[in-house]
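Paired with subunit B in one complex and with subunit C in the other, subunit A is shared by the two complexes that follow.
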Partner chain A sequence: MRPARPAVALLLLLVLTAGVLVVAASMGQSWINPFHPADATSAAIYWQLRLPRVLTAFAVGGLLSVAGAGFQVMLQNPLAEPYVLGVAGSAAAGAVGCAALFPNVAWAMPAGAFVGASLGIGIVGLFASLGPVRLLLAGVVLAAFWAAVLALLLSLLPARELGRAFGWMLGDLSASPLSPTLLLVVLGISVLGGLAVSTSLDRLLLGEKQARALGIPVRRLHLGLLLGASAMTAVAVTAAGTIGFVGLVIPHMMRMLIGPMHRLLIPAAALAGGVLLVTADTAARTVVAPAELPVGVLTAMIGVPVFLALLVQRR
Partner chain B sequence: MNRLAIEGMAVWRGGRRLVEDLHCDAASGSVTVILGPNGAGKSTLLQMLAGVLPGSHAHASWMGRHLGAYLRREWADVVSWQGPAAYADFGLRVDQRLHLAAGMSTGGEAERMLRELDVSGLMTRPLAQLSSGERQRVEVAAAMLRQTPVLLLDEPTAHLDLRHQAACLRLMRQQADVGGRVVLVVLHDVAQAAAVADQVVLLYGDGRSETGPVEAMMVPKRLQALYGTPMRAVEGVGLLPDFRRMA
Partner chain C sequence: MYVYASGPSMMRLLYILLCLLACVPDAWADARVLALTPAACEMLFAIGAGPQVVGVSEHCDYPPAARHLPRIADYRRLFVEPALRLKPTLAVSGQADFPGLSALRKEGVRVMLVHPASVKGVLAAMLALGRATGHGSSGGTVVARLRRRLDRLAAGISSPPLPVFYEDWPQPLLTEGGPSFITDALQHIGARNIFSAMPMETLRTSVEAVVQARPRAIIVPEVSEKRLVARRAFWRHWLPDVPVIGVDADLMQRPGPRLLDGMAALQRRLTSVRGVVHAAR
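Moving on, here comes the complex of A and B:
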């Protein structure tokens, strides 16, 4: 499979995105046509519940996917993803810690997640000057540390809080403290930022030394990538918990479809990450309605077969 | 005439001083070959000149201006560097790789160079699917395509078959003779070195170095000392390692 017409692929992706957003917002326990709602309640459900949730899912998926692409090129490692440097662990530890301290407060977990993610990024940032290989090692070790802290907190958590914590760790788009508008603005800024340095990112694909020989200030670019991608991850985690898989696999899927050049890859990753998470979340809230499945489970269940099919088809 | 002047430069790697007080004056239109045993600091020297090793400065100047006085962006317009290709497989194709180095250089000269290096037919192939020789040709082409006055090549003929070695050396010579570029190249084959060099730099790996015209440097006595292996001159061939006296 050859990425022959990347611009066409991007256009198709745009159409797909629009279609998925429209359909997903109408889907639920009952189908709602936003222009001819059955009654005022249906209209309210559409505009105040479903649409914000769909937009939140789209923005979070896009952020995770763009952050993943950033970490992969920065660390020169195809296995990198938004949580590779331990941000998921520190965010989860923060969320669970806060839930233990403020058991009945709705915003406790998102707020704790934000604090935890920022703390985790700050500590990893101290190792940024060591270069990608040792930074990655530092991140992996820190991830193990945060996993231990998380396990400690979970073992101390009252039983009735455990379910909430567990659900949050698998991703929960129903309780985002951040408005969809804000999330979409952050996603837009992230994509524009990525596009602004897209040529430098492309040259980073040739390795650090080649990039430097071509005049790229590699250290500054690395630091910018670390901070930018980490901030995107922190915002996504704050909004929706730790949703795995999107940030690892969507960038690779897009590279297979449209190639590795970042001018197209970054917008494509944003759209496709959003589409995957919207699809997964719509399935999560409709399959066993009125109950909900954890969305992180569904991203993997939808994404893995698609990714493996692409992997086999490519060679 | 423009010149790359190396003035009393030291090369360190891993806390060891491999070269001290290197002097070399490379003028545009000339080929300087750097010879030395493994680990003598040849690649490190090139990388310091290319400015790709963070935190180390080459004591060198271009057009009378010290390397440290150039911005990274400016220096990238002075020097092209070909070195060991070490990058993760993100699916980059040959044409994309060349484009990243040299922009859209599709002029007749570029076409000719790509044909000469036999890269034209590889354009749509992913880098990961190339053999090491094919990949090497792409890397050499990427460096040569960039229109910089200085060209630094680190073992450009490694992995190449005889035909492509010849094409590579011929192109290299043309870059100097026709293109008026300063060419600094690390080679391991003394016959190739003698065939292309105007000037030779010998790095002994213990701090000592010598720079001089090819006739003065490529003599059995010096090369024996350089490589620690007996050499002999063969009429019509040049210098060869002397295996007869090894046993």
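Moving on, here comes the complex of A and C:
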């Protein structure tokens, strides 16, 4: 089956995104119509809790998904995802380390995550010149190293900090230290940046040699992709902890639906990643309300069946 | 004849033996106990079994006498070798599959599980510990005293239960559900946990859910004054008329004998909350 007409698919995705954003923000323990809220409390819940959270989820999902697409083309590996080079591990180690050092500071974990992610990216960057295969190997080994550091920190953490650490590692969109506006701006810049190099990315798909023959500065493009995609990952992780699955699967889903051309793939991945995370987070806060589930659990539970169905259907 | 004559004399011997046994303070004086949770430690000391406690967990800090005992566990696991070196006969644990416990079982150490889900459960656990350590009667006295205090707390309830939110942790927002002993403790002092219908012991919830449940007081087990101040500032934005009350975490969060102290202190604070609310109406 050929991909659907890309422009139509993108338009449908845009409509779906708008619909999901509007519905998700109104959904919760009780339905809130933002234009006719039942009382002042409902209005406050809508504008100050639900809407920022929905927008945060959208931006984080979009960032992870675009970052995943970037890592996949740069490493020329379909299994690549935002955390493949150990950024999630270093971010989590930073967050947990900071939580242990500053137990009563609310922003310790996000701040630590950002420092950890930046450190992780810096170390991986040293291996950027080795080419995709060795870079990937270096990243996987570094990821194992950070996982060990994380395990060490977790085994030293006092009991009452553990819940906090696990909560963060499974993803929490209710307490982003970065404002949704800022996150959406970062997402916008990322998408524009991706579009600016989309032709070069398409040519990179042909393989490094061919791309070089077509006049693409491959080394510079690699480094730019590594830094750009890692920075997106770092921002997403700082805002919401480590949320898996979105960055791996959404780019593949979009390739199946609208084809591999990055001019369309990048905006589509941003929208679809956002939609998946908004859907997952809405489920997380409604299915067992007034209790909540960790959002990281639901991204996979919602995404896996959809992805498998596409995989079978689009042979 | 011989047989008949030996009967009473044997009985006499038995009586003498029994009297001798009764003279020994208790038959279990050689019990060597490991307390693997702070609550178990407090219970053992409260019923008079303190001298038999030979090893405790890292967080056992009450009574002060427990602070000098060897630490043979943290909240994660039992340190098997140092524990066995203390030659324990009984280990009191909060969970059946506590890592390291099976090694103790294999060495013939008796394991008692103490994980009360209610205030009455705390009292029952103390009685059971009393029996297991040979302090049945002193344990009974202590428990009877606690039970009288519990009755007095119940007598202090005058109006319908006050809905409260118990904030275990702010980020992610964690609270207690129906099966938790804290929910039960709140009930005994005339308060109702707004999440008592939830089937989990602890659960993650949201600001939205708390706001919509309209609690009349928010209870924060305080770790530091700074955190209490921060939580007051946070909740004032969402529930401006609802007081945020700090309770001593060591009293409220441990299912031990001092839970009654925590409950009494909290009841006094809640009574004043009720007073304010009534006056405002």
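To be clear about the criterion, the second predicted complex is superposed on the first by the 314 of 315 C-alpha atoms of A that agree within 3 Å, B and C clash if a C-alpha of one lies under 4 Å from a C-alpha of the other, contacts with A are read in each partner's own complex, and residues count from 1 in each chain.
As a convention for this text, a residue touches a chain if its C-beta (ideal position, glycine included) is under 8 Å from a C-beta of that chain, and two chains touch if they have at least 3 such contacts.
Keep in mind that what you see is a predicted model, and the values were worked out from it rather than measured.
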Task: Kindly classify A:Gln72 by the partners it touches after superposition: subunit B alone (first), subunit C alone (second), both, or neither?
output: first
Task: Please work out whether A:Arg164 is in contact with subunit B alone, subunit C alone, both, or neither, and reply first, second, both or neither.
output: second
Task: State whether A:Val15 touches subunit B only (first), subunit C only (second), both chains, or neither.
output: neither
Task: Tell me which partner A:Gly215 touches in the superposition: subunit B (first), subunit C (second), both or neither.
output: first
Message: Let me test your reading of the model: by the given contact rule, A:Pro290 touches which partner, first (subunit B), second (subunit C), both or neither?
response: second
Query: When the two structures are overlaid on chain A, which partner does A:Met261 contact: first (subunit B), second (subunit C), both, or neither?
result: first
- request: Would you tell me the residues on subunit A in contact with subunit B in one complex that are also in contact with subunit C in the other?
  value: none
Query: Which residues of subunit B touch subunit A in their complex?
result: 47, 50-54, 72-77, 79-81, 83, 85-93, 96-97, 100-101, 124
Subunit B-touching residues of subunit A, taken from the complex the two chains share: 2-3, 72-73, 76-78, 202-203, 205-210, 212-219, 255-256, 259-261
Field: Residue ranges of subunit A in contact with subunit C within the complex
entry: 28-30, 41, 44-45, 49-50, 104, 106, 109, 155, 159-160, 163-164, 167-168, 172, 174-175, 285, 289-294
Message: Per the contact definition, I'd like the list of subunit C residues that touch subunit A in the complex.
response: 59, 74-76, 169-174, 177, 195, 198, 200, 203-213, 223-224, 226-227, 230, 238
